[in-house]
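The two complexes that follow have chain A in common; it is paired with chain B in the first and with chain C in the second.
Then we have the complex of A and B:
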């Protein structure tokens, strides 16, 4: 199929970007990224509380979008239920913290493990589905998750109102209650995730994913256990989304089903494709466009989704590879 | 027994509507291998246009059925026009691009139409006028069947039969089937594939506008996010029957309608949707190509 050849031809067609990356180089680009991250630490000193919380939301959704990109952009599986794993992480933290009185940080491993576990359990049978069918199945999963939360599954999810009054995290005896402290927490986790993503791309697993996405048949003939690799990618993506879910529960201090509906999954899916699959700057750019830009143009709030809809069509028609596509991988 | 017959009729009514909308998904998928996510919103656009026609012509003294027919005609014409424009602007430039680009474009189109409806008609639930149709209800064996239900079932059967004949017994229908099998080969045989796709984007929205207006008349309400709700059901129906397969969409619609009605009647209405989605996943796992779809090996 000619679609499979696209990534190669892209590196030729987007001359500007290859020139750009050649001039700066991978190391230079990483230095710039690191510098931007350090600059981000000063957001609480320069902006008011409203903007600090917007920056925190950006960091949280940045992590979710990056985790979606592991499944969608790197492994090439059409996951349109990603808000579900995000929600599972948030609900695990909320339930353990509010109902069972656990400290926030102690809930993090469970938020990650439960989301990753559900992701893997769901993926194991589903990954053999063709692209569009997988997309539909994950939509179904997301819908079931939201309905289960709404119907107060097991009497612990709080129904459509969700769970409120989630506590604040304590770190070394300090209460991370202020908006700035929570932002720094989110920003540090984003930094860790970015390093992890870099390592993932450089690792054997990352290379296996790239190969699998380019040509599944060829990679299986070379001994790649595609089912195992894909399930693992799903689990990692879902687990990271679960981690972001914890941060979200802390930031908003409330979890309710409406935050994890299928439209959110569509948004995450769109962020990855519009930003650029497999491209960390692209995905973060997409997140910023989706979550920061609307705050600047708040007067036009009612036109928000109309404009997004229009922009999604326009970007795809004019730049189908995304706004900031992945660097060409050495052939 | 009363409940059973009642649910059969409720299911057939809703199933007929699902089938009408599902045909739009399945025909586009069949020819273009694209999930037209904006289809549900187009259908609800039809409901709103029809509602505007009904409220603006109400009290003009003409007989009710004539006004209803006019509302249907105007809704069909405008929605079909929107469908053709949608294909031209959002899908045609992406026909050679990566599959995902078209998916995003379709999702964008869905957002655009949905929010366009909200800006024009407002975010509130719009109520359909009562007394459009004769208020006749038949009672039999403990079940009550209304005139609206009978009208929807009969009209759905009629439209589906017409589509079946069109696709299987006309030159255009043959061209559609040929383009669905292999676009390049169809082009070599002198078929204008662009025209075939344009026709598909007239037929799908036409049936969808009828389905959407039926939803409005049956539930007597319309709201702007309705397109996603009913679009998703209709889409599940298309998958159930085997996406790309026209009789499959009809069968899937009716089966899903019945399944939904029985889940609501016998299990619980708050879990009804969850059961429907669980059914969807189960079908995808057991027989991903649907009930009538052929097993196709994945192209490498």
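Then we have the complex of A and C:
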């Protein structure tokens, strides 16, 4: 089957790929990405605990940034409240685990579904809004979420201190308590999400998001139900963020409102814009710049936002398509 | 033959302005019908009413005997009406191939989760979609541009890409908004053949056009509007000799009058 496909896929390959993927081909790029992921598995063997947890945080925020990119980079909707969905997932896991004694893995489907449900419910009335209006509305959502958590909503969110002592996950009788074990869990989930994202980009739904972003009127006259597609994009993006929320709750074993405030949403937004909208390597690069680089230059860590702020300005001026843009045709 | 598309007293007003008023006409299945009229007569507005971009404030639009007045554009597309735009609307960051594949959106049966999991049925459909796109590109002589960024191509080619995109959807009715605008003589003759080709493949065509070479040579039926109202309809010969039409439209410009006599 592959052999039969070849001439066609060759004839439709896109000119003007990023330099990297043009030189080595799409297959090669994937092989390198897969190789890097496998190398990542050896982080616990090569680095100390501090670095293992940094790598785990990178994996978790990588998932959140990728999920933001579904809404922002692919569908082109300005979602500035994405930390809210991340937080919903974390809180769902924390509440179900600490208050109701559920095992961590059993909370995952609910973390995803509740986040996705809130994303869809919120999106339904908001998607008629365009650009800056949507952006302000999603900021509002994030503010409400944080406020609700701080005020101990329903007596189950623990107020501004949040929820502590979240349990460790068990897998086939093994306790994933060590830094290494938790890192591997995060890394495997990141790998799964990366495959899902790659598949999304090669599917009709993934392309439909891009059609809507590039020309909504033309899309709808081709039969794209923009309301449905946008709501679904919000739900999927929020659901994946919720999944990352579970990992986050496990990683730091405590959730509190301050982890999901508006500035976190701004960071996620900036990662996508600076890294490259709709580009999986771009978003991961942005995440690394935001979460790994400051650790390398730890003496300058307090300048993280200053440096990232200047980097954002520089990128927007010099390279508005992002550091590592999605492969696309250039006119 | 029954009417595929029928407007019954359709009208739309923006504020106090009646852009289109009390317009009735029918498009027979298998015909090529032109909607003509002087600049600003409301032709594109009529198209926007039919395709759901605007909602008619009066009257009815029926397609295949079913009323589609006020439907959302995507629902009307689903019913089988596809259109091109006066100002070409291709997806700017996509290749010719990707643009034409977009036309197959309604033909894709896959669900989003099948795509994310890359299930075998979804992959088979992707292959079929790519092959079908390739066929359409070949049919419209666009295959050599397949990998080119769509908006970097000459105007005439872009028009053809947009047409290919609508045909990829296998519509029952295709609505062309000034398909000959910006084309040279050779391209516009080629367009005539293309339009006949579309009709022969079983698709009904409704078009707005200024190019009389196209209007008079390809159409089965012509509807003339002015100031949002129908002033005449009939075949090319009848329209050519209709004094009202000549006065309102054709007679106004010496050159255009020459073209049609």
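The definition used in the following text is that the second predicted complex is superposed on the first by the 308 of 331 C-alpha atoms of A that agree within 3 Å, B and C clash if a C-alpha of one lies under 4 Å from a C-alpha of the other, contacts with A are read in each partner's own complex, and residues count from 1 in each chain.
Criterion: contacts are C-beta pairs under 8 Å (C-beta built on N, C-alpha and C of every residue); 3 or more make two chains touch, one makes a residue touch a chain.
Because the structure is predicted, anything quoted here is derived from the model rather than measured.
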item	value
First, second, both or neither for A:126, with chain B first and chain C second	first
Which superposed partner A:232 touches (first chain B, second chain C, both, neither)	second
Partner chain in contact with A:196 - chain B first, chain C second, else both or neither	second
Touching partner for A:104 - first (chain B), second (chain C), both, neither	neither
First (chain B), second (chain C), both or neither touched by A:139	first
Partner chain in contact with A:204 - chain B first, chain C second, else both or neither	second
Partner chain in contact with A:313 - chain B first, chain C second, else both or neither	first
Touching partner for A:148 - first (chain B), second (chain C), both, neither	first
First, second, both or neither for A:220, with chain B first and chain C second	second
Chain B and chain C contact sites that coincide on chain A, given as residue numbers	217
Residues of chain A touching chain C in the complex	5, 8-9, 11-16, 196, 199-200, 202-208, 210-211, 214-215, 217-226, 232, 236, 328-331
Chain A partner contacts - residues on chain B that touch it in the complex	33, 35, 89-90, 93-94, 97-105, 107-116, 118-119, 228, 232, 235-236, 239, 243, 270-271, 273-274, 277-278, 280-281, 284-285, 288, 298-300
Touching residues (chain side chain A, partner chain B) in the complex	1, 3, 6, 78, 125-126, 129-133, 135-137, 139-141, 143-144, 147-148, 150-151, 216-217, 262-263, 266, 269-270, 273-274, 277, 302-303, 305-306, 308-313, 315-317, 320-321
Contact set on chain C toward chain A in their complex	51, 53, 72-75, 77-78, 82-83, 85, 89-95, 97-98, 101-103, 105-106, 108, 110-112, 114-118, 122, 125-127, 129-131, 134, 146-152, 165-166, 169
